[in-house]
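Each in structure tokens, the structures are laid out below.
The following pair of complexes shares a single chain, subunit A, combined with subunit B in the former and subunit C in the latter.
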Partner chain A sequence: MNPSLEPRTIGSLEQMWRKSKALFSVWFAHMTVYRAEILIWMLSGVVPLIMMSVWIGKAAASGGEIEGFTPASFAAYFLAAWVSQQLTVAWVAWEMDFQIRQGELSSRLLRPLDPFWEHFFRHFSERFVRGPFILIIVIAGSLIVPGTRLTPDLWHVLLYLLVINLAFAMRFLIAYCIGVLCFWLENATAFDEFFYVLLTFLAGGFAPLEFYPPAARAIIEWTPFPYLVYYPARVLTGALTAPEILHVIGVQLLWIAVFFVLRAVLWKAGLKRYGAVGA
Partner chain B sequence: MIEVTGLEKHYTVAEKEPGLSGSIRSFFSRKSKTVKAVDGVSFSIASGEMVGFLGANGAGKTTTLKMLSGLLHPTAGTATVAGFTPFERRASFLKTITLVMGQKQQLLWDLPALDSFQVNRAIYEISDADYAATMLEFTELLDLEGILKKQVRKLSLGERMKCELAAALLHRPKVLFLDEPTIGLDVNMQVRIREFVAAYNARFNATVILTSHYMADVTALCKRIIVVDKGRIIFDGDLSALIEQSSPAKIVKLQLESSVSREHLETYAPVQRLDGLFAELLVPRAETSRVSGRLLSELPVADVTIEDPDIEEIIGQLFQSQRVQPLPTLESVTQ
Partner chain C sequence: MRRYWRLIGIFAASSISAQLEYRANFVVNVVGSLLTALGSLFGLSILLGTGSSLGGWNQLEAIVVVGVFTLVEGFMGVFLYPNLNKIAESVRTGSMDFTLLKPLDAQFLVSFRNIGILRVTDLLIGLGMIVYATAHLGSSSASGVLTAALLIVAGFASVYAIWLMLCTTAFWWIGVENITELFWGFFRAGQFPVTAFPGWGRILFTFVIPVAFITTVPAEALVGRVEIGAVFGALGVSLLLIVISRVFWRFALRGYTSASS
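What follows is the complex of A and B.
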């Protein structure tokens, strides 16, 4: 059930393009129906913006700088962290959980396309509805704190686009693995909630990793969390050198490979257990 | 087209005593038991055949259909559909079949049905020419004009079911598994859906397995029926043969002009019901015309109708008897 290598998924490039186009346009249409809900949902990810004001206050109180972070660089970091968090949101665990428990997965399994792709396009198209709102908040945030420059140049934006897409792929695959656990458990969303709490504290939305105790940071570096928010935010704000960025990309690809394989294994084993309840 | 041998599906079901104490006990030690939803089913269906799958709720009909459409892995036994092993779920297999579940939907709730059609068109790799031709045909057969561009959630149940059927058949599958396709629909809409399935079968020589609680669906579409009970097949054969065999008598209903005593009526045939001027007699099939002739000439009859017994009743008797023997005039029954 490897989603990209499966013969059923890819007929020819043209068919692939047609499928992508159809899935994108239909889910984009669906997401625009829910644009107001998406905006409200975005507000639930407001932690980095709150932390931004906390840290700016602290910096101002201690003579304008902490660990090399000025109010403007805090603003840039937390805005970038917030954007990164917004662009890596994945709710596929909830969808999988619902589909498996309610038996809705059945109608998806009857189609000659791995449901993976439909979930992917739901998330992908949603980003285009979320995008304009993100832009407005970023511009507003940059104007509020004087001297804030989110990113030094276009190159960093381009590199960021790559890194943030890899971060999304990581988050999406992790959530997918959590959702697929519902083949074995009564409910998998509790795990996703737990993951979300870890994400909030360990991914960099609370504070840049520089402010964590060195021992804690050393452990966090071995988890996927900083590669979802912290490192992408550092890439966007221009804080990393080229070799450091390459290292980030390498680690991200490694995590993607791990969760990609894990998802495939879990999915294949899970389908055998699927009870198609109520459907 | 469909070959099934010794198919079984067992589920492990968690059991819990009702109430708080039951919940606390099951929190620490969960009991479970194995339920045999399908217990050794075998049958064979030819290409183009329409077969009715009958049985009470929980008899194993839907589980069998799910195994045949590749959603469930069988616990034991084999199934072949159009030359494929269903649970391998190969793309070419999935393009050959469809499963319509009356109680489930595949259409996107917030968008017009046409959007869901577009997705299926791409996923099933339907060519522009085929899509246009199929849409033209379905729009006419199902009277879809005007409802395809409405949000699905704003459609009536009947309209939605028509769109569900069209979406499920857009890729022109050769094998149709229809699970309660008319559930909850009014009589007119049921007839419409039935006619559509019959037309589709005739047009594409499609093989159809149909389950329904409405016996009229089955009698209108299927010559052959398979009756399942507790996961086993208890009858497999011709519907008309089942009626003849299980009920050797026809029901002659008489509307009388003046009252006739039960004793007198009994001299013609056993009386099933006598209610004032209305009487029901059970007349052996072979003697139906002779006895009704006598009734008409010798009694003050205002009106007479001759009917087969209610099929639901016959099926009900079949469940109760539990010891259905392979009847000599029928195809063999697989237990």
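What follows is the complex of A and C.
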């Protein structure tokens, strides 16, 4: 039997903490080296900010507000959507594609740690490099549009931290499932691109879901997309009531469970295949 | 000059035959292009769904803008990505030396060596949108279409010049290989007529990042409401960018000392 297929426990709680700390500091140091590239990736994801100005232009053209959204509330929503999009970025599908194709995965499998965690901490620590840039853009954005208040109070910020982390977990697991498909397909990263296109138009970075036709919104609600950008943004701007927020968290956990299981199944099947070609 | 034209033909043929080997990629690209185009149209319908026009443009007119935008996007995929984005890598690995040693203009070589034939779908989809929308509008004249064609070529030239300047920075900043994403991100504002933006957005997308000249002005010519000042503005900006990018490229080459020295 292939040794890599044996179940791999991460060890006791203390070991787990030590490993996490080591992984975090290694990858944080790595990511700070690439801060210029990270900044460029951040600035290339400006669709919510572009949409912010289009919607503000529309609100101004139709006498100050559309369906209850004023320029200031559009600004708050799209800034929150932009932050949410920034904090849920995941490129793990491309990493997996590279590792599987180049055979680099083999050496990773020899380590006493599921490669999952290394990918996870690469993404997680990168968020801390994004942090300062995000603050700058958010402050600049709220200054440009007078009267913008991103969030009503500290409670919503704390709830947002929970919701956005769950959103990241969803996006990461989805990208991971796509990445695992590289065991079978040559073009698996294309699926990640397709996903990204859908994300751009369906997740909420393009418009608040209130503006979608009711039929389209009903369908979108059944997909993971709005739980990545729209609902986190609504939580941060304080637009949701406590029961609504609980509902969002519940659905996010459900999606996480689904993709967690899917990833585990795909990963196991994929590894068997990887072993079978003699790698 | 004739030698250069012949070379473009040879380059294109070899580049295309290399890509035809991967047929599955073709399907993937078509699906990706269609998804993006459908997304743009869906987004437009949401923006227009709330009643009023989009900065004074009705649905069909706005589709013309999306069409021009998609066309330019296709130009980037077919001509810019497969060529200029390789500059950074060849500076890093030192293979830029071989380009410079050839008895041809180096800028020509880094600009026309490859053709991303798979992205031709974007060109076709963009053209399709333009033809569909202008045919239903029925407001375009022959001179308008000719002007638009000229303006679109000028737009291609502008995008090329900006792209070249961004990629040329690789001679100093080798680490920043994704720098063209910066322009690509902001260029997405070009799928909307520039009048859809509030005052500060209009200034930004006209004078700082000249997206308006690249997509809105050609679309204005197509729907038959372009002003002569805008046409000359677009042509002037394009010419200026081409000259500046050429000067910048030569300046970068003068300071180039190869990878290991």
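To be clear about the criterion, the second predicted complex is superposed on the first by the 265 of 279 C-alpha atoms of A that agree within 3 Å, B and C clash if a C-alpha of one lies under 4 Å from a C-alpha of the other, contacts with A are read in each partner's own complex, and residues count from 1 in each chain.
To be clear about the criterion, a contact is a pair of C-beta atoms (placed from the backbone, for glycine too) under 8 Å apart; a residue touches a chain by one contact, two chains touch by 3 or more.
A quick note: this is a predicted structure, and the numbers were derived from the prediction, not measured.
By the document's definition of touching, of the two partners only subunit C reaches A:50; subunit B does not.
In the superposed model, A:172 makes contact with neither subunit B nor subunit C. When both complexes are overlaid on chain A, the residue A:58 reaches subunit C alone and has no touch with subunit B.
By the touch criterion defined above, A:29 reaches subunit B but does not reach subunit C. Once the two complexes are overlaid on the shared chain, A:230 sits clear of subunit B and of subunit C alike. When the shared chain is aligned, no partner comes close enough to touch A:260: not subunit B, not subunit C.
Contacts of A:104 after superposition on the shared chain: subunit B is touched, whereas subunit C is not. Using the contact criterion defined above for the overlaid structures, shared-chain residue A:113 touches subunit B, although it does not reach subunit C.
When both complexes are aligned on chain A by C-alpha atoms, subunit A residues 34 touch subunit B in the first and subunit C in the second.
Residues of subunit B touching subunit A in their complex: 11, 66, 69-73, 89-92, 94-95, 97-99, 101, 103-106, 108, 110-111, 115-116, 118-125.
Residues of subunit C that touch subunit A in their complex: 24-25, 28, 31-32, 35-36, 39, 42-43, 46-47, 49-52, 54-55, 173, 175-179, 181-182, 184-186, 188-189, 192, 196-198, 200-201.
Of all the residues in subunit A, the ones that touch subunit B in their complex are 7-8, 11, 15, 18-19, 21-23, 25-26, 29-30, 33-34, 103-104, 106-107, 109-113, 271-272, 274-276, 279. On the side of subunit A, the complex with subunit C involves touching residues 34, 36-37, 40-41, 43-47, 50, 53-54, 56-58, 60-62, 66-67, 144, 186-187, 190, 193-194, 197-198, 200-201, 206-207, 211-213.
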